[in-house]
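After the structure tokens below, expect a handful of questions from me.
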């Protein structure tokens, strides 16, 4: 459904050195799939999300949605068309709502921008239905200001908003990192339900346990480069890239302590591994198992895997 | 007493007349630092503006020869330049034949024949007695040895250094800065013997005009200011509380009359090209208010509608009968009647008059922004106009724009006095008002800014100029004609007579000119070109307290 | 026991009334112990840490006492507290990444700080360098500005500075929340190492991230709405929690063991009460699946194991 | 800023600086609005019996040299001084806001261009512009003066607004609006601008005060209105006519004092608002 | 860093270029004819004005096509030739400006720098004590809100003419010419006091208020909290806050230094202080665009110079700036 091909982004801020935020990233999201982008802070996750949402312009590469390269069409009508199908939810629920308006303004905007012909009452009914389906009581949230609601409620409203548009792909950028443990799981579960209803998702997170919990596929990013990707279970149970291995080892778990972690067998692909810390060569994803890919150096052709 | 370089008792501090930073010490440009012409460079004669007498200075005499075209100038004995070299008839001849564009005799001086060391004949092709007379006491004699090195075209751009500033006068330039020029007495000045005159002050410090309140404060302190030739608002109230302050008259009008301010309508525009309208305006203005309110009684208004200065040199031409028969006086009813009669009526009932054809009538009267006394006076005038139903507005353009509009003839009405100063003959006034005519589109620089086109009058003014100074009766016959036309046509309306602003502090120097109790009966002005009509004498006759 | 907190109350005075952010909390930390403190956002964790260091308006001490190494802390006298701060108790604040003055070099900063506290810097200079080495910071960091360091480095510098005078009690307030997993691991391991090296005697480690506590804490204290819900040895709290809230909280933690498709974690319905005017009795009662009438009264502390305390009316704990 | 948050109102009412500022401004507003009921003459009307008269029962604040009623001048002068501040403030704020918004929001070369323009305008003394404009105008009125001041005072606003916009642009609600297909113009005016309301208000107040002071300086060096009256002109006329030296304090003091009071009132208001909007600054 | 500096230099040059071009345009955009003004100034009585007009037109280069006038202007500029004045004819603008500039600079630079230092100090002082803050803050507000000229006039009246403590006109006594003696210097200072004070006090209030606000923000910053948490005495906390609050104030200083030349116009007029401001005031009313142009050029140079200096200085005084330039 969504295909990202060779996507790169270089920020060229006037007073700064250039920042290569995203470097030759390719992946795809299938219908009904949750794909997690996992990486540390600054690894370029949000940048990818923003490029998919067309909030940032890629420096190079293509983003195909339904076989159309959306980076090429910038007319407002085609953009709108795109936003009917691809929607986003952002990290900070409190800043996603304009503090001076009531929260239901986001629905009014949708109505105005996308369904101008729909009668107000019919629309209201649809809004209420959507709110109910994300587990909110319409009466409790409509008319409130964002600071009167909890983060979880706000994120649910945004998900309801995507539902109203009948979006096919949801870009969820760290949508639970600012929520409390209990609300967090709540929203995650909601995402799971949404997947059941056929919604695809790009789930951006730095928390591996969350990625593990919810996603079908994971993409591990390091300094803007994909270092490993594949089926969640496969990757998490048998990480190959040293970076993903170290990440996984650092996750605090509730079953084992760090010092009690059983040692992993050595990586089978150490030599070929692409090291994003060195600038030479560009990464290429090499398949090493059924739906399991790792980054290798291009400049070493024919390396045995 | 604080330590200073100039002894207090050696120095006289004056202000007024120096409006800008000292630009160039070139005496033959028109924008010279005050004091330069008079203190450092001297003219042939001087003119006593109080008694209407030409008096010798560099020249012992300047006499018209029988042919009526030759003026014989005889220098006083012993005239020298400040470097000690003699000032001779050669220098005089050089000065008046030098080709600088500012040379006042350019165009009608035929030759200058040096007869001997002391004598020189100036031969004029067209003896314009009155203007020549004027320049004899205005124009400075310059040293040939310096100026002959300067090509005439560059003469006015020439900026003489202090070494090159060799004059013949009682003072030399000692130094200057942005806000002052310091003149130092030349103790070898020829005039000490030659004129039997001396100057008590070792230094004259000319201070650039300062803000009004500063001038007033400094005057009252008298520490570094002895005399001001500035208009000082609030002076009557201030002198009353400061016994050390001295004015020419003890009470109103405090100052001697010096120049006449005219209301100049633009004759190329409606409705000012209508004589009846202009006459009506003349009746509408309450000059008493201007005198009392705008000027706090520091000035006088003209004696009659001819608008001549009450000045002995002009007295012979003050033809009261003409004024009485043809003139005007403040009378708003009459103004209204005249306007009604000429068809300027309020037809649409808004309280303001329209043109006879019913179209709206409104106009502006301009004076430069910042000339506060004039601005105040103008407010009174436009109020007067509104009182008779005319939509007049005061307009205060910046000085630069005022000049531009004036020179190009693009104004409605304005106030001006540029050529209406106290002089040896009212010719200067009539020349200023009527002698030229330039159509709109061309630039008019010297007078008649309203473009009043009257050839007869122009000819009359020229005729006046060609009658020798002493033939007053003959001149007056012509002046009567001029005045008759003036009063009938009322091209320009005389408004008020500006004072020769003068206030002094008597703590250090006394015997300042004054109506009573002073032996210093001289015209109290140190403005450029007014030193030659009294200022020099005044300076030589003040006394240390 | 190096730290004994008894009936501590910190209120925020607001114009609508007092926010009872910390209401009658008692606990103790033994020598060489890391006490983990966890709870939902707004339950008063930071209030506890901040209050122990510096009670300043709008926060006020509403009651209770704190004993450190047997001495009562003069919490209500900020000036007197100054002698204890840094020397006896110290904090690694939540905002550790912004805790350094951006325009002052790190070495200079420590020097100023020491001098202002009347300590000879030269005496401590070597110790400082050693400690920096101990937390694996590169040489020469003293000559650098905070902005030139990465988040993890800044965090470690602050850790070193805060513990430079070997305080008895180290308060760590959410020091791992802003960090990446790998840095998080390093930093929390360092806290334990500080304790092991006897640089600090006891640690209070505040976080809402229960798995981290499981990794390093000796005992865990679970707070709810300004009060203690349960406290006990780590293993017991995580795997044998008694308080319904603790149970729900732990159950809501995703871990690297199961996925959504395998086992759906349950969340806690409802939200914590407002602390401006908290309900009488057990504060968790509104959300508690075992709610009983007696919950309207404040539950007493109950000892259910070795050092395991629960504040709950439920009988079959 | 949360309009709904009655905290704001609470602190606003409690804030002493705000109250002082409001009181001063309200007083002068009253002078300005109710004054004309009591002003028996026009500003330039020769009203008094005596020139330069001290305050008396007819001319409550005395008269000028031209017998004008200083009380009337004060009323109408306050009016135009407020008008200058208000108009210039509005113009300056509006231009600055628009440029700041668009530069910040659109970004890229558009931003660079606008910022260069802004920097150049910062560098070129605004009197330059004033002189050019003044030369073309048939006369200078209070309105024209304020237009000119407003047109030259905006660069600071633009700079500040731009950086605010840049940071607001990062906020989620802007992204949300963008993925809702809202047009950039709407985003700027519906989402970004209202969130800067408090900031805008403060900028406006500063511009208001700055314009008044600037106008005074212009009046003084002779670039003031050639028509009408303002407190600056009153001050200048008093100065020109030696009011202080001669002892006509009633002519010199009211104008200068009022300007000082009005502007300091505005500054008080500004700091007060700042404290109300920024909890950090509030008195505890 | 190099890239940053060269970029900055480029931007400054560009701005300078545009600014001087606009500056050149000023007189050309004016209605009216400067030469005409000059003539009416020069020759109220002279007769051959038409010839003079042609001569002067040529001399001022007004007869050339606009573009070559522009090139000429740039060329002359590189030689320090700013053209010729109209109201001060035949003085050159360069001569006028260079004579006036020292007076302006010795007046305004100390006034601004000292007010900056003292104001910041007082502001920092006030930020620490509620009492002090509440008592002096209103006073500062009133100070900054005072029009320069009003304060100037009050000072001149009270200290100058009533109490007779200070002279009120000129840059030094009229009873002397400049000399390199101590008594001249003292005299100069004596004259300098009042105009200095009137700028100093108005500016002082502004700096103090700015500093106070900044310090209050800084005292609430995390790093201040941390210092307090470590038991650092108030003195150190304030010192650090002051250190950081200074930085934005320095930016403000650049701006103020930039406008020194024009900023003091009113003060210079009131005290007859013979600086650029006084010249400018006269040139503006006399529509002497060439002098105006020259004075503005000075302003442009000052503003750009001061800003450039601060921009570069920032690299050294603020590690944050330096860091952001080098990149992460």
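Letters A, B, C, D and E mark the chains as written, and numbering starts fresh at 1 in each.
Rule of thumb we're sticking to: contacts are C-beta pairs under 8 Å (C-beta built on N, C-alpha and C of every residue); 3 or more make two chains touch, one makes a residue touch a chain.
Nothing here was measured: the structure is a model prediction, and the numbers come from that model.
Enquirer: Please identify the chain with the largest separation between its CA centroid and the CA centroid of chain A.
Expert: Farthest from chain A by mean C-alpha position: B.
Enquirer: So which has more C-beta pairs touching, A-D or D-E?
Expert: D-E
Enquirer: For chain B and chain D, what's the span in angstrom between their mean Cα positions?
Expert: Here the centre of chain D sits 45 Å away from the centre of chain B.
Enquirer: Centre to centre, by mean C-alpha position, how many angstrom separate chain B and chain E?
Expert: Between these chains, centre-to-centre, one finds 39 Å.
Enquirer: When the C-alpha atoms of chain C and chain E are each averaged to a single point, how far apart are the two points in Å?
Expert: Here the centre of chain E sits 55 Å away from the centre of chain C.
Enquirer: Let me have the rounded angstrom distance from the C-alpha centre of chain A over to the C-alpha centre of chain C, please.
Expert: Computed from C-alpha means, the inter-chain centre distance equals 32 Å.
Enquirer: For chain B, jot down the residues that touch at least 2 other chains.
Expert: Residues 211, 213, 217, 220, 369-370, 398, 401.
Enquirer: Residues of chain C touching 2+ other chains?
Expert: Residues: none.
Enquirer: Which chain D residues touch at least two other chains?
Expert: In chain D, residues 135, 222, 239, 244-245 touch at least two other chains, as defined above.
Enquirer: Using the touch definition up top, name the residues of chain D that touch chain E in the complex.
Expert: 17, 20, 116, 119-120, 122-125, 127-128, 131-132, 135-136, 209, 213, 216-217, 220-223, 232, 235, 239, 244-245, 252, 256, 259-264, 266-268, 271, 274, 280-281, 283
Enquirer: Would you tell me which residues of chain A are touching chain C in their complex?
Expert: Residues in contact with chain C: 40-41, 150, 180-186, 188-189, 192, 206-210, 212-214, 232-233, 236, 246-255, 257-258.
Enquirer: With touch defined as at the start, can you tell me which chain E residues reach chain D in the complex?
Expert: Spelled out, the residues of chain E in touch with chain D are 11, 14-16, 18-19, 22-23, 26, 29-32, 130, 137-138, 141-142, 144-150, 153-154, 157, 161, 209, 213, 216-217, 220, 255, 258-259, 262, 265-266, 269-270, 280-281, 284-285, 287, 289, 292, 296, 299-300, 303-304.
Enquirer: Which of the residues in chain B come into contact with chain D in the complex?
Expert: Touch list, chain B to chain D: 211-213, 216-217, 220, 232-234, 237-238, 241, 289, 293-294, 296, 369-370, 372, 376, 379-380, 383, 393, 395-398, 401.
Enquirer: In their complex, what parts of chain D are in touch with chain A?
Expert: 1-4, 171-173, 175-183, 191, 194-195, 197
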